[in-house]
Amino acid sequence: MAGNTFGHSFRITTWGESHGKALGVVVDGTPAGLALDEADIQKELDRRRPGQSGAATPRKEKDRVEILSGIFEGITTGTPISLIVYNKDANSSSYDKLRNKPRPGHADFTYMEKYGHRDHRGGGRSSGRETIGRVAAGAIAKKLLGAYGIGVVAHVIELGGIRAENIDPDIKTAIEKNPVRCADPSAATKMLEMIEKMRNCGESTGGIVEILTTGVPTGLGEPVFNKIDADIAAAMMGIGSIKGIEFGAGFKAARMRGSEMNDAFEVDNETIKPLTNNAGGVLGGLTTGMPIVCRCAVKPTPSISLPQHTADMVTKKEEIIEIKGRHDPTIPPRMVPVAEAMMAIVLADYMIQSGRINPDSILPEK
Amino acid sequence: MAGNTFGHSFRITTWGESHGKALGVVVDGTPAGLALDEADIQKELDRRRPGQSGAATPRKEKDRVEILSGIFEGITTGTPISLIVYNKDANSSSYDKLRNKPRPGHADFTYMEKYGHRDHRGGGRSSGRETIGRVAAGAIAKKLLGAYGIGVVAHVIELGGIRAENIDPDIKTAIEKNPVRCADPSAATKMLEMIEKMRNCGESTGGIVEILTTGVPTGLGEPVFNKIDADIAAAMMGIGSIKGIEFGAGFKAARMRGSEMNDAFEVDNETIKPLTNNAGGVLGGLTTGMPIVCRCAVKPTPSISLPQHTADMVTKKEEIIEIKGRHDPTIPPRMVPVAEAMMAIVLADYMIQSGRINPDSILPEK
Amino acid sequence: MAGNTFGHSFRITTWGESHGKALGVVVDGTPAGLALDEADIQKELDRRRPGQSGAATPRKEKDRVEILSGIFEGITTGTPISLIVYNKDANSSSYDKLRNKPRPGHADFTYMEKYGHRDHRGGGRSSGRETIGRVAAGAIAKKLLGAYGIGVVAHVIELGGIRAENIDPDIKTAIEKNPVRCADPSAATKMLEMIEKMRNCGESTGGIVEILTTGVPTGLGEPVFNKIDADIAAAMMGIGSIKGIEFGAGFKAARMRGSEMNDAFEVDNETIKPLTNNAGGVLGGLTTGMPIVCRCAVKPTPSISLPQHTADMVTKKEEIIEIKGRHDPTIPPRMVPVAEAMMAIVLADYMIQSGRINPDSILPEK
Amino acid sequence: MAGNTFGHSFRITTWGESHGKALGVVVDGTPAGLALDEADIQKELDRRRPGQSGAATPRKEKDRVEILSGIFEGITTGTPISLIVYNKDANSSSYDKLRNKPRPGHADFTYMEKYGHRDHRGGGRSSGRETIGRVAAGAIAKKLLGAYGIGVVAHVIELGGIRAENIDPDIKTAIEKNPVRCADPSAATKMLEMIEKMRNCGESTGGIVEILTTGVPTGLGEPVFNKIDADIAAAMMGIGSIKGIEFGAGFKAARMRGSEMNDAFEVDNETIKPLTNNAGGVLGGLTTGMPIVCRCAVKPTPSISLPQHTADMVTKKEEIIEIKGRHDPTIPPRMVPVAEAMMAIVLADYMIQSGRINPDSILPEK
């Protein structure tokens, strides 16, 4: 099956490998009339880039995006927007000795089982670099949603067992103040220490990313199979390294009583709305008008420098490998812009599908 | 959007309301050549039926399925299989006074916000009775998978805070021995007491259902957006009352180190396979050949008889309601056949899409 | 693949065989708020029924439709509408001797090649009775479009080589005055004579059906792959017995000069519109605001009572068969409601997809 | 809606405008293991290029394709193949004065009605240059099909009223011997004269392109809505300038008798097959094993230098325009590689969907 396209009325198709010529995305379904330039997209790609901080790999990726189509005189035309980022700085030789030896926790083994042939350099298509296309597309979705008063933000709420506790209510601003994208500055400091510790012992650790929305209208989603939380779950679980997702009270709901879990309704200025948000903004697959709240569990980076047991797929002999080189000891901080992008893509899709955003054009009618 | 269809090559479309004339499903994509009769499907519907035990509502639903198409001389023809269950025993009058007063935790409010008009009787389309279609379709998927050595089983691993600990390895048999479908008999006894307690105090509770597979081949799934775990997540989150899903180590992975989380590879009789299964059977969206393992958090039944705050959507006045009548104090035991059905549907779809099951016909070639 | 579903935002799934228990359709995506009852649908099914006239088979089909879901208090709820027609009056024994001998011009041979097993009774799934589901779904689409001022009409413009020449401008009324559904009364008389002649000599003949729309807005469709004429072509070619389709000038365009073919634009009351309609209402896959005009070539009924050469698929021996019994000597008159239905379904889909009809609800906002 | 993607298991997404930076396509679903390089694709793009002959525009397009992803060590990897062609030699100034004046027969008017904003330069997205992506993707489909013994060829059978009569049976070779791609050399000469005549008088003309297949197995397609002829019709009607399509006897079938139209079955070396091919290789939406035969009506090039009536969309005043510059006086010869590409794409999709080509990998199993 062709599994590189996501979405219906707002639809993205990503392509490209880690050490290939380029990576990119085709974004189909943006209505005509949205002002858009490369800076709008570059801004998000820069957030995705590994920084100089302790949280991320020192690899210097430039990742300059180029818009190839779909914009005329600074405004979207309704036709597909093709975005490309050429690869640079790729030294593939270090991967040669791992060519036939699947790295534990990576997709090397399953790709070989499925395809019998793969681009092993830097993980090929299964590399985190594939998310460049998602983040670029998400930048468009975010700008479109912004014009309708809808916002999306993600933040790291747990890393290496350290939990954010005093979360700054202005999450958007707070997360840009530290490289771990945690809105609790004191937890952020501890997380950075944890990362440094992991790096020093050749280890890695995971964490939890929370995604929140503002301004989402009521009644978005479909009530049976395309429940909006089901589609968001597919979007998030489609990101590498995510092993679980929960909405609102989530797994805690399993231990709650009905009277605790149910969000009562109140009347506020002639409008009915839930008083609390254990539902995480979704009831019966449709938005309640409260913020959508979901959390994703991110596994530890599979690339570690400690020795690991694997096997050679050609010789069928067991082997021990050590993965050298620059690797993030943790993924959640870099997951933030990716998770925001996927949430924005799902919401843009539903806003268009439901006619709340005109699918053809958002220009004022003459 | 039309959101009542699920799947690609094996595709189901469910329809029907709780107190309407009938409910049903059209199953499209079953290859020709599968022996199938109503008993195959009734068996699963009977598992879905509320029993006489403490775990479920005493409502006597008969839920007799009828096959209307797609079978000839006891064998599937490759054409759509239409399944119908007529509704009986539906007294809608008790719902009249709740018509404009959304029940907390239910989809009443969001349906009204989306559609402005709804069949409020018994929850209408948002009722758990909608899962009749899923379970019926799942019975076909299960039988098809069985012919290829693939099995699916679900069980309750937690209910009302009580955790199954000594799980009988023969889960399939064990869960049919108690009405909570828990494979730990002693935990099952405690769960039943908990349910009784909830019922007596007009409350409800949630739990966790685990779904497991056997015999799934390697390399099933698509590596970017149709990761098999992403599609399973969408399938499970598309069931009402599920608030979270995790695979393998799941949310615990967030606190693990890379060396703990990564499943090493070993060589076993010339075959390479993972030694452990923290991945839950999926790496990079593709199956590893190990069992797929996922767990779903089920919220407490939203219908409780304790008084709850809501508001009248017509008068815009706050109101207090008490939901009387027969209601399960907990959902997980009845979730078991539904979760099995959805897992089977996803797997059947991928087995067909990937050509592992011939999409046209499984009859031996002449 | 699962090929029994058509459409995106307005989506139909048909099921059922000619001599099975029942046939039906699930219509997904009708917005809430449309008044709808069985009479709305029965009306179209009655038009589809073979009449007593010379044009059609004397088989007495009752074809009573029943609505099973999706309507509450006479109004659609936005949930799937399941429609069922139980089969009666089916004597399958006459088909027994043809079980392994594919009828020329029918799908018997190709079904057996694909599936290796089929319900041969009355053509099974490949019977014209499958269109019951399409016509029933089309009745809903028509009623929905009618609320937005859009109309669809089809008529027979050629049959057995006889061409309609003086077409009554009130086609809708004119076609109900004769059993061949031709809007030229004098041609209709000749067509009926031709049909009688065909019946008498055990032969059959084909014809051409034209489909026209009124009130379609400009800009409907997608400009590259989902050109509205491409989707209409797929809809029409998906009806059995249709061997060709053309829009506007159609095949004649191949012999026209650019200056003849191009429709000039004029300004009429501040509105720009084409002066002529060689384009058939579509330019670049998008509607021009002029009527959509297309014509479908219908092959002669494949069931004829003259002897025909075939082969037994089991014995691999050549055989001669004669197809006895009641068969229409021509299909175009009965194609009229089916073609109208498919056109209405495509238009409803695009009206909803483009947000011109609110996908959720057409009820006035409170 | 997002309408720039075509296909299911073999799926293409095209992007780009005539005078934008580049055009391209993402091809998703090619199994791993196909040897493929740029020359395979360039070969087809060169066939699409306007030549120096009388049949086509003298514009010197280079159209060098570059493969950006999906190939490793000369072999496909199963991941998306991104193809790009940078635009050169584009002088947009000549289009400035037509910016608000829709050209008759072009999509200018309908794009403006739909989007309210468009890239008018060279027709923007509605330009014939968009077919670069289709032809490039088709080259991959063709190579894949070739490995399974399936071939596709198209040829011009009518142009400006001149009909090919003595068609060289080796069509593939014959069409490369003249710039009109007609397999009847003497008709080709007359067609060239007709084109010259059209050019001299500022006019244009249309024609008919026939597409043929070899080696297609029986039973390909789906029997209800995804009839293979319905999907081919959508594919062909999705190409600009095509106004009609017919299969086998096509519109002539409307005048045939059943006994003439029906293809009898014979037994040939233990295999049952049709004796004739009036069906055009398709019965009931499924392939018969005979060649698929279809014909497309191509309208005259809408760009002509004769004066034409239009209207200014801003001033709402009627205007007369003359379209100067280099324009093909006829399209059918250039349609040949595009029609071949679309046919190959549909067939590749069905071969993969049906499991006849392994969706994951065509490498021999180890």
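Just so it is clear, A, B, C and D label the chains in written order, and each chain counts residues from 1 on its own.
One rule holds in what follows: a contact is a pair of C-beta atoms (placed from the backbone, for glycine too) under 8 Å apart; a residue touches a chain by one contact, two chains touch by 3 or more.
No experiment lies behind these values; they were computed from the predicted model shown.
Listed here as common contacts of chain A and chain B: C, D.
When each chain is reduced to the average of its Cα atoms, D sits farthest from chain B. Averaged C-alpha coordinates give centres for chain A and chain C that are 45 Å from one another. Per-chain Cα centroids separate chain B from chain C by 38 Å. Mean C-alpha position of chain C lies 27 Å from that of chain D. Among the residues of chain D, those touching two or more other chains are numbered 1-5, 8-9, 14, 79, 114-115, 125, 219, 223, 353-354, 359-360. Those residues of chain D lying in contact with chain A across their complex are 1-5, 7-11, 13-17, 20-24, 26, 28-29, 32-33, 66-70, 72, 75-82, 84, 114-119, 124-125, 359-361, 363, 365-366. In the complex of the two chains, the chain D residues touching chain B come out as 8-9, 79, 219, 223, 352-355, 358-360. Every residue of chain A that touches chain B in the complex is listed here, in rising order: 1-6, 8-9, 14, 102, 104-107, 109-111, 113-115, 125-126, 130, 158, 160-161, 198, 203-208, 218-227, 229-231, 233-238, 240, 243-267, 270, 272, 274-275, 279-280, 283-289, 297-304, 306, 308-311, 313, 316-318, 353-354.
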